[in-house]
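You will see two complexes here that share chain A, one where it goes with chain B and one where it goes with chain C.
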Partner chain A sequence: MTSQNDRRILSQQLTRRQVLGLGAAAGLAAAGVAPTNALAQSDKTGVDPEQWNPETIRQMAGTLEVNTAEEVAEVVPLDYKGKVSYWYVGPNEASSEIEKQVDAEFWAAFKETYPNIEVNVQNLDYNQMLDKLRTAALGKAAPVVARMPILWGVEFAAKGQLSEISLDEFNFSEEEFWPGALKSVTWEGKRYGVPTNNETMGFIWNRAIFAEAGLDPESPPATWADVVEYSKIIKEKTGKAGYGLVARVNAGNTPFRFMPVLWAYGGGALDEAEPNPTYDKIYIDNEGSQAALQTHYDMYVRDKSVPVGALTNTQTENRDPFVAGQLAMMISHPSEYAAIIDAANKATGEDKVIADQVVESMAYGLIPEGPTRRAVVFGGSNIHIFNPDLVEGDFDRDAARALIAFMCGPEWSTKLAWVSSNPGNIRGFRTTWMKERLETIRFLDVTTSMLPYGIPFPVIPESPEIMNIIVPEMMQNALTESMSVEEACQTAREQIEELLTGL
Partner chain B sequence: MSTAQQTLPAARAATKAAARRTRRRRGIWDILGWIYLVLLLIFTVVPMLWMLSTSLKSEWAALQQPPQWLPSNPTLRHYERLLSPYSEVGPTFLRYLFNSFWVSSATTVLGVMIAIPAAYAFSRFRFPGREALFFSVLLRNMFPAVVFLMPLFIMMRWLHLVNTHGSLILTYLTFGLPLSIWLLKGFYDNIPPELEMAARIDGASRFQAFWRVVMPLSAPGIIATAIYSFILAWNEYVYALTFLNNEERLTLPVGLQRFFTEYASNWPGLMAAAFIMSVPVVALFLILQKYFVRALTEGAVKT
Partner chain C sequence: MALTTTRARPVVGARPARRRESVLARIVRHWADYLYIAPALIVMLLVIGYPIYYTVYLSFFATPPSLSMDEKIWVGLDNYRRILRSESFRDVTWNTFIWTIFSTFFAFVLGFAAALVVHREFIGRGIVRGLLLIPYVISAVAASYIWRWLYHSDSGLISGVLMDLGLIDRPINFLDDIDRVMPSLIVANVWKEFPFAMIMLLAGLQTVPEQLHRAAMVDGAGTWHRFIHVTIPHLKGVIIITTLLLLVTNLNSFTIVWIMTGGGPAGASEIWITEVYQLAFGRLRFGLASAYSVILFIVMMTLGYFYVKALTRGDRRRRPA
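Moving on, here comes the complex of A and B:
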């Protein structure tokens, strides 16, 4: 388990400095305000804002004691001897210390619980893992188990590359997971994975730059139209970039930051933002989508108020100028906040003074809303077992079951999401670990506040291609002015049509 | 005074003036040449210096604007972490380093062993299909490396080589050999066959003539080929990423991923790792550069 000391350090940094930024998020949710559009969106994820908001989550936290070893022993005996290969996007040298520590503690705990199960672990880079998995599966050298970002699994399932699973074989029930999360591991009525974590992002801004630009540092932009306006003002008044636009092709960061805008304006790739999506209607060129793309055109081309490298930037290229005080606003993953705090803690001398100033200026709140709704990607990860025919070496399903049951139970589902996410197993919200987490990392209130606004990506095998290639290319076509906004949307529609009919 | 006597000083003066003009012209070209070389030097060296400077900063200092050209609080922490077998990341990094050395060295040795007889045969022997075969060697290099990724992966799996260093060594050989053979052939073409004939007349066998006469003379070419093979294998990323699925076997270019996440990069750590990674190649090149340059130039001109 992560040491109390480390958590205390993180907690002190966070509670002291970011409370103001939480106002919009925590205040809204704590007051029990559940906007109608959030209620409508909860149909897709099952995250009822009345039931799931910072207040109710605080109340339920700490009401459940869990003995993981006892629970998993019912799935696979603790003395089971076996072997399993496992690929995932894990923490590394660029991650915060606390993430690395929790990861190491997980493997130590698994070893202690299942001393005779050998796990061959491959920790991969986020932007490389998808292609590597595709190649490995085609070459019949896939791992037995892989944890993938939520968008990827269905592609492998549709190709017959994943093993069908049932929640029963891990001693889980459907009630332990959000319906939206379960939907992301379901293809043609069959289940191919277990949700490990579900996350929603927030909006982060630099209060010092806001003040420098003459904006109220405590009031983040409420709408996407405000973002465009604030970004322009910030650029004009300070010369610094306003909003952290990213439009890189084939990078997961791009759809996670653009789709919320598209949905907020009533657009979408397909009809994924509608109450009962069927994924057979294309929305990419509707009025809402065009209006959303127009906001990005306005910021990039008309106002030049976003980083000039936006077309090739990923979120990494946003975080660095944000830390350097050269970027005012961005959609941000909670783990970024932890990583920034971590880097500030490691700074020394004069650097420490600057680091403290930047951290002091950071504020966190809800993602702005649009004319139709407030939206965020209902993200996260799922864990899957590959088809035995595609696995290199021995296929030991029981060892895989032991690993998945251990990882997706309430304890590790919560701990592995410590600074970054929400537990996939919603029993985790009731554990003492969740209580400890909420008490020490207050900014997670923003994440839980955003949960009801979550919209899952379309659960179709073409999703990675649409989200990682077609949507970013649409943005690039408009932002480079090689096409008008309307033409770019129309071209994207044709590409999606071709993709959907071609498979 | 004769006309000849009268024109002599004038001719001398004209010659001097012409020499001055030539010197002046040469001076301008020299200056332009120097400017070009200095610019080239800046273009080459500044990124290395920037890499070194960043590797000596804290993570925070590396992100500051305006950038610190010289670190205000220089630290060797990142190098210590990477190179200490007792640090959290040190053993892993050192293992990557060792793996890269092993794969690159094996590729180099095997590449040279294959390229030498192949190049010699193309240079000295006349056999049916020689020209076609020689040019077909280059066929592989006419396509982007990534085109062969899946076929080679499937082939390696068929050979049970996936997740072994053997898969990389074999693959790197297919990349490096064509140019190595071309390079060495050019070199052998420059060594007069008469030298071998003389050795044969003195009683040496064909192999002895090759071993005792041609090999020593072709040493610069072999060294150049070796450096080329080594650098190619040392820096390769895509195939190493695809073929290796075990942390224990990863090579350095893939290991550098440890400094990136979805949202952040550890720039000083990355720069320290990249600097360490560049040291063997730079050292190798500096030590052997005279052979490398000689091999390239001698192989380029047919006598």
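Moving on, here comes the complex of A and C:
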């Protein structure tokens, strides 16, 4: 496939969706799209680039008609009367209107399908839900069902806080999910959840700022070294921030944006980027990791070409300067486009003019590659049932099964991932809803093109601490010059060693 | 109030006329009093006593690799040793010291100044008092987000205004700089806390007898001398209590630091309470976090002892002989 395939994608977009797909196509083309190492990396996720690429996805979309009510009725009768509590990271103030709308539609549809199942829903903030779940589980006040980001589930499984499940009880089969996604819900050979969505991000840039800085507006940086250089040029020529670096501790945005750089340089936290990871080797201080951290040091300390607030920023804080035309590059989901359009619509006066220009200038491409590989976090979410002993109130497993079967079927698996992600149930790719997504959502091709480069976080219970605390602290130690890059990596190594050998 | 007693006045150097009653005897004698407060005591034992016991108990264990506390490992005093020997403990303690002392000092000084101002009669005093109370009544979470926005290193209002006025040519890095982060947080904290000191001291000022001031004025004392020799001695009790309460509040303060910086960057604003939270819920080292909490508890209890002592000093003075 590779470049020939990409040319086909480009030509399709230019003829059929010139306006919608121009940025994405430019990104794909400029980045080469050639998945030189995608085949090797796909071992870890099971996302075969021959089978899963923008063209094949486009071909399969719309070939499957689904009747969700009929499917879930085989799992739990539609007249079943019960009750279930459910916690998740749902749409918030920063989410696009369309995400909020889809979420509301989901609950309306579930109520219509299962009118006698009462769901006690709690929509929690991403950066708070983990602590709340940990506390609730310890206090035996956990919800029956929780949808968690892919990184968290194993910790709860290892602590014996989740119920073992089988795909059969939801009328699903293994073939309906990517192997990498199933691996993320598996601990010591037992399954503890169902994948709801799997996502990879893309690289976003503002073509107008590129042009202002004398860079080719249609060519995003191909490598991370280019990102450093482009960021510097943009800062020098325009005074605007180049790359939207984020390094806040305890914020999911940080590892999702920094780990791809570590992996691109041959580094990692453990050996998660290797073909057959064992998670017993520490890579955080190897040459690759140090080189990756050096790129961020160069941007933040040496060139001062990124937002100064990077150490306390999350991705949400990058959005405003991007909309205001003050930030040129960042990593994010396709949903960023919807959110930025929302922000532009809410802007007034001169701000509105600038925001509209930014929307027009916005382009998506592949995440840059490094000397070793191109990489992106194979993220997403999984849905789990808690251990009955830790649940507050009644534990109604059938009600939980109904909710999970409904949510993880091809219809809602696709709809709930509408602007942000890919359906966890890969039958979703064949539905008419997927076809509608491809026709209406800009830049979706880019993130599906990134799928084969996906690398999952280590599937070990210590992952949340490594990713949310140790790695961001390593970045902060280097970026504040509290430590040299080498010392910061060495300190992180010691912390991971201590963590893996017992607390 | 005149107090009378039939007890013989003790003679200096002589043994007391009556033998001191033992604690147990006194409890038995006041059994009805204890009965009345028993429900409250039982509830306190359950909601305060048990958690304290469990925290102390957990502080002797380590979290196992499975992270399951059912399999916790007995380590004796190791957690305490690790904390007291660790470099991070010294850094966090120093940050906590700076945070507590400066927050308390400036909140007190600003609160006192504000109390002195709003104690005087002037047109619009009620409105000014109300306005000064706003920081205190506003939610700490909301205040933290507001200050984060004011301080933001790229798009913060403070830097924006200063740049518009031509006073600076690039934004000030308040929260992402290891040297500036703590002073910046202290400013936000003082803004939030000074109204508390103001309320306390204003209440105290209103109890200073006016005739004392008048008498001092007749004696030729100026404003400064009246403040030092009349107002301050009269406010001594309130000052001690306000200071102790501010100290305890600042030692326990979590919201502002956690929301604005999460203890960062690079641990530059990590204080005891955020460290305990991070250890327990971020790193899942419940044993270590419990040991930290026990140390913090001892410090707080010491301050609490002085607080209660300051509170009850007047009572003891008034107690019958």
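Simple rule for what comes next: the second predicted complex is superposed on the first by the 457 of 503 C-alpha atoms of A that agree within 3 Å, B and C clash if a C-alpha of one lies under 4 Å from a C-alpha of the other, contacts with A are read in each partner's own complex, and residues count from 1 in each chain.
In the analysis below, a residue touches a chain if its C-beta (ideal position, glycine included) is under 8 Å from a C-beta of that chain, and two chains touch if they have at least 3 such contacts.
The shown structure was predicted, so the numbers you read here are calculated from the model rather than taken from an experiment.
In the overlay built on the shared chain, the residue A:Val261 is in contact with neither chain B nor chain C.
Judged by the touch definition given at the top, the superposed model places A:Gln476 against chain C, while chain B stays out of reach.
When both complexes are overlaid on chain A, the residue A:Asp320 reaches chain B and chain C alike. When both complexes are overlaid on chain A, the residue A:Val228 reaches neither chain B nor chain C.
Looking at the superposed arrangement, the partner reaching more residues of chain A, out of chain B and chain C, is B. In the superposed model, A:Leu138 makes contact with both chain B and chain C.
Contacts of A:Gly309 after superposition on the shared chain: chain C is touched, whereas chain B is not. Contacts of A:Asn250 after superposition on the shared chain: chain C is touched, whereas chain B is not.
In the superposition on chain A, no contact is made by A:Ala338 with either chain B or chain C.
Annotation: chain A residues 135, 138, 320-321, 326 touch chain B in one complex and chain C in the other. Interface residues of chain C, counted against chain A in their complex, comprise 62-70, 73, 148, 152-155, 171, 173, 175-178, 260-268, 278, 281-285, 287-288.
Within the complex formed with chain A, the residues of chain B that make contact are 58-61, 63-65, 72-73, 75, 88-89, 149-150, 153-154, 156-157, 162-163, 241-242, 245-247, 257-267, 269-270.
Residues of chain A touching chain B in their complex: 85, 87, 89, 91-95, 100, 120-128, 132, 135-136, 138-141, 143, 252-253, 314-316, 319-321, 323-326, 332-333, 335-336, 339, 343-344, 346-352, 354-355, 392. Those residues of chain A that touch chain C in the shared complex are 131, 134-135, 138, 155, 158-160, 241, 248-250, 307-312, 317, 320-321, 326, 461-462, 465, 468-469, 473, 476-477, 479-480, 482-483, 500-503.
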